[in-house]
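Note that chain A is present in both complexes that follow, paired respectively with chain B and with chain C.
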Partner chain A sequence: MESLLITILVTSVPILLAGTGELIAEKSGVLNLGVEGMMLTGAVAALGSVLIFGNPLAGIFFGALAGILISLIFSFFTIFLMTNQVATGLGLTIFATGLTGLIGEPFVGKTISSLPKIDIIFLSDIPFLGSIFFKHDILFYISILLIIAVHFFLIKSRYGIIIRAVGDNHDSAHSIGYPVKKIRLLCVGFGGMCAGMGGAYIPLVLTPHWSEGMTAGKGWIALALVVFASWLPFRLLLGALIFGGITILQFVGQARGWPFPSQFLNMLPYLVTIIALSIISIKTRSGNTLVPSSLGKPFLENN
Partner chain B sequence: MYKRFMKLITFLSILITPFLLVNTKALAKTTKVGFVYLTTPGDHGWTYAHEIGKQMVEKEFGNKVKISVVENVPEGPDATRVIRELAKQGNEIIFTTSFGYMEPTLKVAKEFPNVKFEHITGYKRSKNVATGNIRFYEGRYVQGVVAGLMTKTNKIGYIGAYPISEVIMGINAFAQGMRSVNKKATISVIWANTWYDPVKEADAAKVHIAEGADILAQHTDSPAMLQIAEKKGALGFGQSTDMGAFAPKAQLFASINNWGPYYVEKIKQLRNGKWNTGDGPNHWPGNTWGGMSTDMLLLSEFKNMPSDVAAKAKKAHDGIKSGKIKIFAGPLKDNSGKEILASGKELDDGALWGMNYYLDGVTGKVPK
Partner chain C sequence: MDNKNSKTLLKASGLTKKFGSFVANDSINIEIKKGEIHALLGENGAGKSTLVKMFYGLLDPDEGNIKFNNKIVNLLNPKFARTMGIGMVFQHFSLFPALSVSENILISLDEKLTKKQLEKSIINTSKKWGLKVSPSKKVAELSVGEQQRVEIVRCLLQKPKLLIMDEPTSVLSPQEIVNLFKVLKNLSKSGCSILYISHKLHEIKEIASKVTILKSAKVVDTMETKNVSTNILAEKMVGKKIIRLKGKKNLKKLSSNLALSVNNLYRFKRNQFGVTLNNINFTIDYGQVLGIAGIAGNGQVELMEALSGETLGKKEEIIFENKSIGNSKIEFRRQLGIEFVPEERNNHATVPDLKLHENTFLTFFGYHIFNKSFFNKMFTNPTLSIQASKQIEKKNDVRCPYDNPLAKQLSGGNLQKFIIGRAFQANPKLVIISQPTWGVDIGAANIIRQKILNLASMGKAIILISQDLDEIFELSDSIGVISNGNLSKIKNKKNMTPTQVGLLMGVS
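Presenting the complex of A and B:
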């Protein structure tokens, strides 16, 4: 039971990180469907840098950096050339899938050392809970702290309010004098960084390997997760655990001989997201707006 | 400048021509051979084993063969395109090295009746499509023996790719080996629904260990399962090639697929004009299904086990190789207790390919 819970927690980290980044980007009004591609880029960069520098911590740094860099391509097209965000995001994922396959070719079949585990003093000695929550790698702790930070940042801080204003109505925000494009560039960059780290987590902790397309749809799950969480950070954390849990449960179900097909559990995250979407849509009609109103709309400065 | 360049080209061409002529003479006897790979040799599993086989062909025939390889070919319409292209390029014999290439191979074979095709691990043949396969299940019987002796929790975790008869007969052979030494242990199976996805294979391995399994076996292609076993202090078996480098403390032994002798034999047949799948139903003469007795299946060194276990494993290996041990001999019962085969009989190859049940020792049911 204990190791099962640990496995679920660890499996949730990549989608939690990527979801955190995408949440900020979407809050600023940019829908980046390139999460899967950015995660792959982070994964290949992390693995490559560990092979080169021999230090798993370098993997975190270069994974994040690669995520930021590839998100700049997306920002350049959508924010400055005002291309369609959906098409550009899809393009980014397709592009990155091919690019990472090319970059990753020499890494195939090589293994790296995983991120070391850090036991948190005192807390890790708590029976049961200690070994579940406080005996993990650094990136695990970062992902949890990050989502908490994002929650308070969005609700309490001035900058958080500005980001939400830009995402809700970019024209008004612009007329008050906020640099809409700059803010969005930063938010998408943050999204790229988080997705890069989320991708990096896969070779650094889950499977010390590179294989083409190894994120295997985790980026799409992260996108669904943001919608499921209705753009609320703590709901995102909960959702990540549920979605991660479902991924592991489909194997547990098989090992224990549960009488329904594993494909059904595979489908669940998306089904749950559709349900969440319909609930949000009903709530929006009754006046409760959770969706950033300018989400996906290009901002034209002289308009 | 341009003129000088052209002069240089002409000069070089004259210089090279005699070599070209010599070369074409040699080419006249050259057999063009094509290979289609599912992943890259870097998978260190299935495709790597084929690469080793291909290298044996190069060593045997030298410049008498010209080999073209296409890597990373997905099973499905892409495969048809790649195989057709290889046939168009004049390859005389084409080895398509994955189960999912069966239909694409048959389709292209119809368009190129003069090209010979060798499809690896399928069951459909035609006039110019033969099949090659290894009795992988023989190695799994030995795995079962070792697992049965080594397990402390009496729980074995097995990761399968797809619930097809080839994988199921492996699970059942494992169960037979395990039951020959241990009446209490059980095997639980997780289907990854993929041949190669390190992340999924790792997840499945983690779940098996969390559920109490201390010995893991796999019928998928990557070393991910063994790496997880190494990390978590469990033991397991390598697949297709020796994966000891990935898990020096966890790998008990690996079943090694040895395709080389089969490739060499088939190319020899082609060069002598003897390649043939016969006219009978299902073209049986075109079926190569070798195992330990023909050295198509080898076992790596027994490691991380006490010497008495290793001795018993070797005995099982020798017994299968000499034919003394019959893996699927009656009495056989499925895991619900229904009789499959009466005492004194043995399942034939046809029955193995029809397996859609688990034998005693495996938990759960085969997914429909």
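Presenting the complex of A and C:
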């Protein structure tokens, strides 16, 4: 039981991180479908840097950096050349899949050392809870702190309100004097950084060796997660745990020989995603207005 | 007072702004005194917005300079303009619907306040000037009048020396306009100058002491409003004599008098920004213009959708010549002889990226699919549709930049003339028109209004949904007012005054 819960928590971290970043980007009005690609880039950069420097912490840094860099490609096209965000995001993922396959080629068959676990003093001694929540790696703690920080940032801070304003009505934001493009560039960059760290988590903690396309659709789940959470950080946290749980369920099912075909269990996370999206869209039609109004619309300056 | 008034606050000399080869402002000179209400008059596209955007730091002038308090200033961005003491209330507002009122105000304030301090100063300011706002509400929940108050309060919190107001009354009820004018007059007494942009002449006479008239990017004249009639203002603005509308003659009557009756029409709102139509009842006879007045966002869009068949309801809700059509589709209603001119010219009334003849084809297709004489069933026939659209252009004075343009390449006024001409070309028995002259220059508006009167003279029935009270009174035989999804009793125009209509519009 204990180990099952730990596994669920750990499995949720990549989608939680990527979802956090995408939430900020979407709040500012940019829909970046390249999350899967940015995660892959983060993963390969993390793996490579650990092989070179031998330190798993370098993996976090370079994973995040690679995520930022590749998100810049997306920003350049969508924010400055005003290309279609959906097409550009899809293109980014396809591009990154190929690129990481190429870069990752020499890493195949090599294993890296995982991120060390850090026990939090006192808290980790609490029976049962301690070993579930407080004996994890640094990136796990970062992901939890980050989503809490994002929650308060968006609601309480002036800059959080500005980001929401830009995503709500970019023309108004421009006309009262906010640099819409710069703000979006930063938000997409933050999204890239988070997706990069989420991707990095996979080789650094979950499976310590490279295989092509090793994110296995986690980026897409993160995207669905943001909608599922209706752009609310704490719902995102909850959603990440649910999706993590479902992912683990398939392994448990297979191990215990549940009488379902394994294909059915494999498709569970995606099935839940589709169901969640349908429910949300019904709710949206009946008057839920949490969707950022400018989401996906290019901002044209002038006049 | 006099001494104070004579000082110049803002002086622009030779301001020129070009967009590519298009000159939006051509060496504009304007001078605004302290505490003065100065009107800026001009038609759509005359360059009013461009000029004030330069004053608010949103655009950089290409030539010329702006002096503020006798010093040449380089207004880099809106933030800088605000610190200089220039505030602006935008025509389409610059608010964020998903944020609360206080959040909206917070992000445009340059000084940093805590939430409590902010709410306190919002309430103080709103009390001081009689502008009621509730800080914790979301902007999406507010009426347009309230939204405007939020914008004004937001400006006033920065203690501006110059307040720019871009067409502030276009969305307000007559009573709200009275209140706004009180606020503006008090502001000017307290020493704040106001630059008031409008194309409504009587408003300018009422509120402003001076007026600068723009036409095709140039200043035509600057004068005292005391010494000038609205007629002269109009002629200066348009650049030619204004032809008065010829009244309508009731000559022909069609066989049956009653054209359309609407009975207990009910439509639940589609989303939280929509309006629920409640128990709407009215009838219209042939040869009549029924005007439906109301402030935007009170159910006009929903009513139009129900009448046109974009939303369907019970069969008996709408009866046209003894046929129950409440659940019939647009195509069917068209074939019965009802035409629709929706409010939105682009995207709704036309497809912006299709040529005019293709837009004609799309509307006429339903008519002629059965008798085959005009268009064949499945294929477009460009020769015929080009002919048809040429005819519409000729009859309605639609001026195209070149032959057979895309719908989006026409100016607002010309596109509207085309859309209305297209509806009339189908020889309808009943035309339902929403906001026909919204954002259209005076010349085109006059042509459109005359067409509507002519059509009624021919014995057709017309339902005119408009937020322009002057237009309603000029064209209608009977008037109803829509407010929050309810339609008032329809009364003969003779028994109604604009004040009464204004009261029915409801003041928030």
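Here is the rule we go by: the second predicted complex is superposed on the first by the 270 of 303 C-alpha atoms of A that agree within 3 Å, B and C clash if a C-alpha of one lies under 4 Å from a C-alpha of the other, contacts with A are read in each partner's own complex, and residues count from 1 in each chain.
As a working rule, a residue touches a chain if its C-beta (ideal position, glycine included) is under 8 Å from a C-beta of that chain, and two chains touch if they have at least 3 such contacts.
The structure displayed is predicted, hence computed values, not measured ones.
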Next item on the list: Identify the partner contact of A:114: answer first if only chain B is touched, second if only chain C is, both if each is, neither if none is.
Entry: first
Next item on the list: Would you sort A:292 into first (chain B), second (chain C), both or neither based on which partner it touches?
Entry: second
Next item on the list: Please work out whether A:168 is in contact with chain B alone, chain C alone, both, or neither, and reply first, second, both or neither.
Entry: second
Notebook entry, point to check: Which one hits more chain A residues, chain B or chain C?
Noted result: B
Next item on the list: Look at A:177 in the shared chain and tell me whether it touches chain B only, chain C only, both, or neither; answer first, second, both or neither.
Entry: second
Item checked: Set of chain A residues, in rising order, touched by both chain B and chain C -> none
Notebook entry, point to check: Which part of chain B faces chain A closely enough to touch in the complex?
Noted result: 40-44, 48, 72, 157, 188-191, 193, 196-204, 206-211, 222-224, 227, 231, 246, 363-365, 367
Item checked: Of chain C, residues touching chain A in the complex -> 19, 57-58, 77-79, 82, 90, 93-99, 103-104, 106-108, 112, 140, 271-272
Check: Along chain A, where are the residues that touch chain C in the complex?
Finding: 158, 161-162, 164-165, 168-169, 171-178, 285-287, 289-290, 292-293, 302-303
Checklist line | Complex interface listing, chain A residues touching chain B | finding: 1, 3-4, 6-7, 11, 105, 108-109, 111, 114, 202, 206-209, 211-212, 214-216, 247-248, 251-252, 254-257, 261-263
